[in-house]
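So, here come the structures, one by one.
Both complexes shown next keep chain A, but they swap its partner, so chain B is in the first and chain C is in the second.
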Partner chain A sequence: MKLATLLSLPAALAALVIASTTPSGDYNEHLHLKPLPGGHLYAGFNFTATTSLHDYDSQHFRYFPRSLAQILQHSHTRELHLRFALGRWDEESWGSRPRDGRREGGTGVELWAWVEGDGDAGVVDERWSSLVNSLSGLFCASLNFIDGTKTTRPVLSFEPEGVHRESDGRLELLHGTLPHEVVCTENLTPFLKLLPCKGKAGISSLLDGHKVFDATWQTMSIDVRPVCHRTAPREHDIDLVDTVVSSNVTTAPFQGGSNITHVQNILRYAADLTLQSNHSITQHYTLADDGSYLGPFEDEDCHLEIQQTVDMVLDIERSMRPRDDPIPRPPPIEQLECDAGKSYNSHDTCYPKPREGHRGWSLSRVFGQSVKGNCHLDGDKDQAQKYDVSLEVPLGRRTVDIPPATSITQSDFDDLEDVRQYRLPSDSQDFDLTLPHQPVPQPPPARQEQLPPLYASRQITGYGQERGSMHTTLRNPHSYAQRVVYLESLPWFLRPYMHTLKVEGHGSDSLPRLEKMYYTPSIDRQRGTQLELLLEIPAQSTVEMTYDFEKAVLRYTEYPPDANRGFDVAPAVIRVLPLHHNTTTKTNSSESRLLASGQGQYLRTTSLLLPLPTPDFSMPYNVIILTSTVIALGFGSIFNLLVRQFVLVEEVPTSPLAEKVRAVVARVREAVSELRPVVLARLKSVREGVGSAKGGGGGGDVQEPMSDGVGANGGLKPDGKGR
Partner chain B sequence: MRLLSLPTPLLAAISLPSLSDATHTSNWAVLVSTSRFWFNYRHMANTLSLYRTVKRLGVPDSQIILMLPDDMACNPRNTFSGSVFNDKSRELDLYDQKPDTPTQESAEGGDIATESETSETTPQIMPAGIEVDYRGNEVTVETFIRLLTDRWPASHPTSKRLLTNSQSNILIYMTGHGGDSFLKFQDAEEISSHDLADAFAQMHEKGRYNELLFMIDTCQANTMYESFYSPGVVGMGSSARDQSSYSHHADQDVGVAVIDRWTYYALEFLETRLNSTSADVRLGELFDFMTFDRVHSDAGIRADLLEGGEEAARNRRVLDFFGNVQGVDVEMGDGGRESLGDWRADLEALRRIGERTKREMGELNVTVGAGSKVSAREAGADRSVLPAMRVEGDVLDMAASTGGSGWLKKAIGGTSLLLLGAAWVAGSKMR
Partner chain C sequence: MDALRTVYNDHPKTVLFGSAAALRILLAVTFSGLPDLLTGRVEISTPVNSFKRLQEGLFLYERGLDPYDGGIFHQAPLLLPLFSLLPSSSTWIGRLASILLFTGLDLLTADCLYQIAESSAAHTSRLFSSPRKDRTWHPISVAAVYLFNPFTLLTCLGRPSTVFTTFFTALSVSHACRAQTVTAAFALAIASYMSLHPVLLLPPVGMLCYDRLCVQIARKAHSPSADGDARGNGFNGKVAIDQRTQPKALAFSTQMLGTFAIALAFLFALSRLLLPSWQFIPSVYMIPLTMPDLTPNPGLWWYFFIEMFDAFREFFLGVFWLHMLSYSVPFCLRFQKQPLAAVVLMMGVVAVFEPYANVGDAGAWLSCLALLSHVFEVSSAHRYTFPALATLLYAALLGPAFHHLWIYAGSGNANFFYAITLVWSLALLILLTDAVYSVLRDEWEAERPEGKGKDVRQI
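Moving on to the complex of A and B:
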């Protein structure tokens, strides 16, 4: 069972509900739960609020968040897509992505928007800059780092989901990613604040940062788009179809002629033309039941819709650990079930038996709390059609315990036989779902529909600080050829050599076809590389794509604080175009899948880490110190050479002041030497008079230095006189 | 003299009610952790603890600027995803405490506080969630200085700006690795105490704060506030020059130290003593709480820039900086000059002029009448009171200083001359 198909149900319900209510706005929320193989649980939260364009223009909001609306109005943004993502969706074991991958982003933060311009490129850039700055303030993310070097303008990869008025002027698509950005609780807090129930009631009360960011894979998205619906009710169920068509059909088919009368034909035509439409939708059309053109939608038919989603895959075992002690510790030996079949099994050696069947879990244990109350804002008038929680488990094979007061409805759609739907109790009771442990044999093997459209992986190969190469593998597991758009936006310091681009096919006789290529080369420090390829991948084959690149050397100040970690390269975005030949699909459900996904399916590779040559960051200081030393030495000696005069000692003229000082010194010495014999004679006489009993050794001691002193004086005296 | 002294008590009596109220009308907090990498977990825990405290005491997220350079809560190394703890008991998650889970607000805190407070203690609803304003590579010296001085490009979102005015009290808390007069940002650049001092001076000139409490927990923290020179700034640091600030304890399951000592005890004080938004706890008690036995380093304060010096700083309520004042500036309509606000302002200005003149007269009397050096010096030391007085004070100070040391110099000169003369005489006699 394809997940996307399931999710199209709430979308269809939402569309019906929107069409039938007053234009003042609407709000609904939905949680889809589905256990995945490997003990994982997929939980997809969806919150949709609308407001009529008239209310939006006059700044009258009910469910639509005012803070976001004002930003959009200020920056003239007509359609916004914002993604926060973490982790990796394991396609090999979990199958295709939820919501066709259209509500998920690459690792980190991704943002793309259609901004209104007036023909002047500078205006759009300015508005885009104002948008990213405002959003960075609103969502606590460094979105303001999306500058010119990280902004691209994809041509084929994205198309507007909304219906845009002609008066909006020329819309331009801008796309930016921050693969290095951390996604954490501070991003969830403002996300919840945008909801009417603020995470306090309804399914949003399950969203707790501790669980959301403990998930194996997690993505949060915010999508704002204008949608138009006819207010008049329709006879049959092409209401949903109408929405899709109106968002995709361009003026082109109608210029070609109005002979297209069948909705299905138009649909196919639209799918064909999605590539040519090139997101320059300027007019939207209403189709009558017979497919004839009625004219543009009136403004009152149009709403602005904000869809917020949180998709995550939780490891059930991990999520149910107690919060205060989440570290897994080995269970006590008594609780271990040993496999007695092992030869080494004994009283002290145990091989634990693998767990059999489905592990029991409940909402309150996995999410840490049960659902508090409900968030039915417009009363219970659409009770029959609104379900808050749907659980996709095999019917009949799995028992589910629910609180008695809850109304339970099982879906009566043929395709959705395994889905149970619940509506939250209208009195503010807590709601919990419990699935007890059941020793059921292994789940049946994956069915055809669960295969993802494509497997993709991307790596950096090569070694060294100078060159590297990019290696991308795309594998088509299906028995029909697929056309994909492959978008890469590379940072400017990764310079690809496009002449080395090689696309090779394996495993199939037919070769992959490179239909189109859009390439915008980078400009250092101003613009990154943008590479967009339109490829056809043959059935059951693998396509390998390689190109070499050169790593730029950054300036000293351009390195981030943790430069040695490497630089993140944004994930590649792959859009699998919708099939327009129904020959390969058999069932009716795939037809409906095609209708629901006129945009195709999206998947993204993981982000890459590019090691760049990093300098020794203490080097400048070493250089400064060394240079200073060298300069000091050089300057000192040159200065000496220039200023000083070198002469022999004899030639040095004496200064008059020194002469005078010397004369004074000489006179003093003369006087002293004249006095000395007299003093000594006196001393001698005194000593002889006083201590004749004491030996003459003392006298000799005294006399010797004295004689030295006299000798020195005698030596100096003529010298001093001579000068 | 007498003419001036007469209306002053009257004016004082009229303006007394306005003076007894808090002099500020809003509270802001700038909480900065400056270190990256997992082993600096404690710095983030420090900052988040303060964040939680100011939020608990009523400062809304819109008035808290939180700067976290790295992600610890969702770090792959963190066993406790989405959580940051500041204690090994792990009872309190700093990152996102859900309101329904029991918080650390223990009953013991209430017992310690005085009776009047316990009666007022109300269950505090701590808003859940966390809003980080600057994170990752955005946390740089440039950003920080820009934030303080409010110099931004036009597109900068208001939630990331410090929108204070001259009636705002600001709490600035910084933690990280530092040294003598500098603090490292993300191991890549430094902010010096002079940069900070100049930023605060700019803030003062632009009228961006009323009073500012600067707290810093880093090695040699006290050197960071030594070069401040703007009035109204109170500095608190964790350690003196050449001293290290230490971490308090480590959590074996988290794997690293979870909090620094100084912050730990500051928090202990704030958690136990300030358990209601009307707690009358003074800054002096917080100063005294940071003893060497607790912090293992010499925690320091600097309050000479505040009017009234340390005495005044000790008397400030802790909630003047950590709490949120719901003060209101009543601005009367354009009914003319007779409105109450204008009248008040005029009276206040008159009173100030009166005071200043009085003080000037007093000082003139002192200098002219007594002429004693001691009193003149006192006047010089008191010069921070009024800008008008500053010039005169400086002049007096200079005069006093030249007079004081001049005599000494003259005496030394005279003595040395006498000695030389004696030597000359002795020399000539010897000859």
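Moving on to the complex of A and C:
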């Protein structure tokens, strides 16, 4: 207690000083809820904090997380985008993606950043390496495995969202993915710790790892970018924007006179790009996506904004399972409602009736808890304008019950047709939202703007572990042609053959146009493949892209422990370019809206699993021994023949050792033969002595029939002589 | 039938070459999927000679990108402008054009072998004349063995760029047999430029060239009137050597080495002109040395370096290369009297021990063995030629089956294919050893005619 007081004193003092000297940014948070077809609920959390660049440079942080800011400062990162994602967004039934797909990532972890370089080649790589290693520690993710083989430098796919000063030096875009990474609670905890309320109050108190990672589709993102807000009136600004745009087009060839540099060895393919398309790509360097204006501005206008989002799609049924009985079981037979319209073979079968209308749910049941208090940090100064929770339900669809607390502010939802907005109670009351079950006769047909910009899917075709083929299908459901940037970053052990690339169109008279191709081939163990295509997809048509590839065989130490599972290939990133490239002079309101969303829409395919041929991991010693034996056999027998000479068998000279042995043997034999008569004579005399003794003593009964005296003198060989 | 026989007897070479070319083109036209199937086989196409990778390099080259700034293309730069002249091989006309080109290369290689066999360099040299030289095969047979060797045939349809290396090596040897130093060195430089290992043939080819030069000078001295037919059909015994008329060995080797180095430098400079950087030198010549691409092949290296512990990888790479280097000079010393045998045996060492071994090199070597046909009776009488050939056949048939089991069926693992590559290498090694034995035995029997057919010992 005492210690806490002591510690809090300087902090409070510092806060007082900062608060009194500079206004240091603000913070707001927002939760967007939208029921989706099929009993799903989309929940989008958005937490935005800003700090002025001046405070950032002098390391005064209030809402901006200090831990992240120091990493960014150390690695000279000017803009950062980090994504953790799981699952797949079902475009066919859920429609277009939230936030135009710009706050989502491919399965696993994805990171891209604009890093400042100072002209030297290695500096940016060094800073990038420092950035990924620091972020790896901060977010408990394997980001440190983003090395040279997983880093690419896309040219067309990404553009800075923020506004960058000329004094920032040369900015380089680096992009890395980890498709194999499994996102889980250990990544959510540090994510929540970056928030001012640390997940204890406000809408962030809904984020519980059990529910977040149980979602059908989930993505967490962190985006840091510098933003400069204009102060001039709006009509005037549009003119300014146009002048900036046109000047940029004239001065900039393709990559726009900006300070964004690109990787060498870029293949420019079929480069029949017109000035118009130049324009469409170039001008976004001048505009932030919220329409803020890049021009001569002062540092005071600029802020550094961190936007943290968590988007997820929950299966309402699944999320509302009671905690004490989390195992899904089939419902008891009495509760089953069978579809009577179908024919049955027997009486004990049942096709469950599809649930009509929308299921009832409440925040506290779906997320396991209700919202605890609020996180209104900047006082009550603009209370009327800020809502914390918005709920998007079809017009006239249903009633919404909120707890009858006086401090909850509700928007007048007649204006915004189907969005109702709420402000969390200013006292620390809990907030809950309940939608009772309400049958709806027919789901309204999907409207035009809910159609996703593009349907995309990507598969590996072919069989066997030697080679395969990549097959991508892009379908444009709209009645106008769309221009698309398609980015693939492939691991080095997948070796694509670009000469087999085929782009074919179906369903339309006009053919798809491959306007540009940027290709950086892979180098074994050093660099992955990067492929970027600029395509035009005609209206209402499907484009199929295929190319062949070969699967490499790795060293046995390079395989993961589960080698036969295969390797993950990062999802393809598809950017649908905005449509405004043929209306450059109009300055009406729709035009400005299109300019505002100038980044275009993004979507990502699913990640792929690539099986590689595997060696036998158990026998390095055996292989070394067997191969060495064969080589030694060849070497030995050849050199044996080379260094020795032929002779006939009979003239083989005997070796000196053999001669010596033979001499010794001969000498021994000689000695033996000399000794032999002596020994024999001695032996004879001994035997004779023995025989006479025998004949005289006990030989009587044996030699009885020959008792004519032979036994007396022939005692040496009694048997032979006797028979 | 009689007419055919007459035609064959009158123009055997034309008939042979024509039928070989017709067979190749017919195979490619009848089975239109066969060339691409063979291009995909690991036994024929390795990372350093695959036709498909050449197409990829060509794709990058034609679009102005450095094809060597990537991990796929590792073949000689001068192939790029050559192949960019041909129509794209994805069309049937392009496929036919490439088949015609490789058929032409095969015919030229066979012609080189024909000339080598005709030059009688195999059994007669400056210091030596084989007692079995009457048993030498007719040059037509040697060419036929090359042209109708199934390995060569399949390689031709698979179109790997090692066919160029084989051709330039054979060209170099045939020029060496005619004692044309400059052209021999130049052709060998092109072969070495295409793929690294023909450098190892420089000492034996130089020796062969020097030997033939001596023989030619001696013949001129003997028969100054008939200098036109230096091919030596009138010479049966050893050529009497006059020490004074012999060319100086030092001057000769300087000339040979100088030509080789200048030709190589010229080729590199030419390649640099075509390409944006010097990147091709590490990409083409370091890949066989460091073996980063471990795609299976019928050699001994790939599985060894898959399974090698990381700490010892560099050490064993060094050991393997030193091992290959260690044959060149000993062969030159021991086969001083039979330089062509040294060349052929060195080709065998390369075919067995090279890092990206392929059936094409092995097939070309097996066909070149027919140049040493006069000693075949020795190896078949005293050695293991029949078991080795049977093993070779066994490995050739089971290799694709085991590869299929590993890669496609999944019912076998990598050890299946590894084991069969071991057997293949073992069979080639036994053949190589037999060839070494029979050449040495033949040389010995020239000194000791009484030893013919008897058992010998080596001491």
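Going forward, the second predicted complex is superposed on the first by the 488 of 723 C-alpha atoms of A that agree within 3 Å, B and C clash if a C-alpha of one lies under 4 Å from a C-alpha of the other, contacts with A are read in each partner's own complex, and residues count from 1 in each chain.
Heads up, the rule we're going with is that a residue touches a chain if its C-beta (ideal position, glycine included) is under 8 Å from a C-beta of that chain, and two chains touch if they have at least 3 such contacts.
For clarity, every value in this text was computed on a predicted model and none was experimentally measured.
Contacts of A:Ile638 after superposition on the shared chain: chain C is touched, whereas chain B is not.
When the two structures are aligned on the shared chain, A:Pro190 is found in touch with chain B, with no touch to chain C. By the touch criterion defined above, A:Val630 lies against chain C but remains apart from chain B after alignment on the C-alpha atoms of chain A.
In the superposition on chain A, A:Cys375 makes contact with neither chain B nor chain C. Applying the stated contact rule after C-alpha superposition, one finds that A:Cys228 touches neither chain B nor chain C. With both complexes superposed, C is the one of chain B and chain C in contact with more chain A residues. Legend: residue contacts after superposition of the two complexes on their common chain; A:Val182 is shown touching chain B, with no touch to chain C.
Residues 265, 267, 269, 463-467, 492, 495, 497-500, 519-525, 550, 552-557, 613-616, 619-620, 623-624, 626-627, 630-631, 633-635, 637-642, 644-649, 652-653 of chain A are the ones touching chain C in the complex.
Within the complex formed with chain A, the chain C residues making contact are 40, 42, 52, 55-56, 58-60, 63-66, 69-72, 90, 292-296, 300, 302-310, 320, 323, 326-327, 330-331, 334, 352-353, 406-408, 413-415, 418, 422, 425-426, 429, 432-433, 436-437, 440-441, 444, 448, 450-451, 454-459. Those residues of chain B that touch chain A in the shared complex are 36-37, 69, 71, 73-74, 79-83, 90, 93, 95-96, 98, 100, 128-133, 135-138, 155-160, 186-188, 253, 427, 430-431.
Only residues 86, 129-130, 133-134, 136-138, 140-142, 144-145, 180-186, 188-190, 192-193, 208-214, 324, 326-327, 369, 560-562, 617, 668, 671-672, 675 of chain A touch chain B when the two sit together in their complex.
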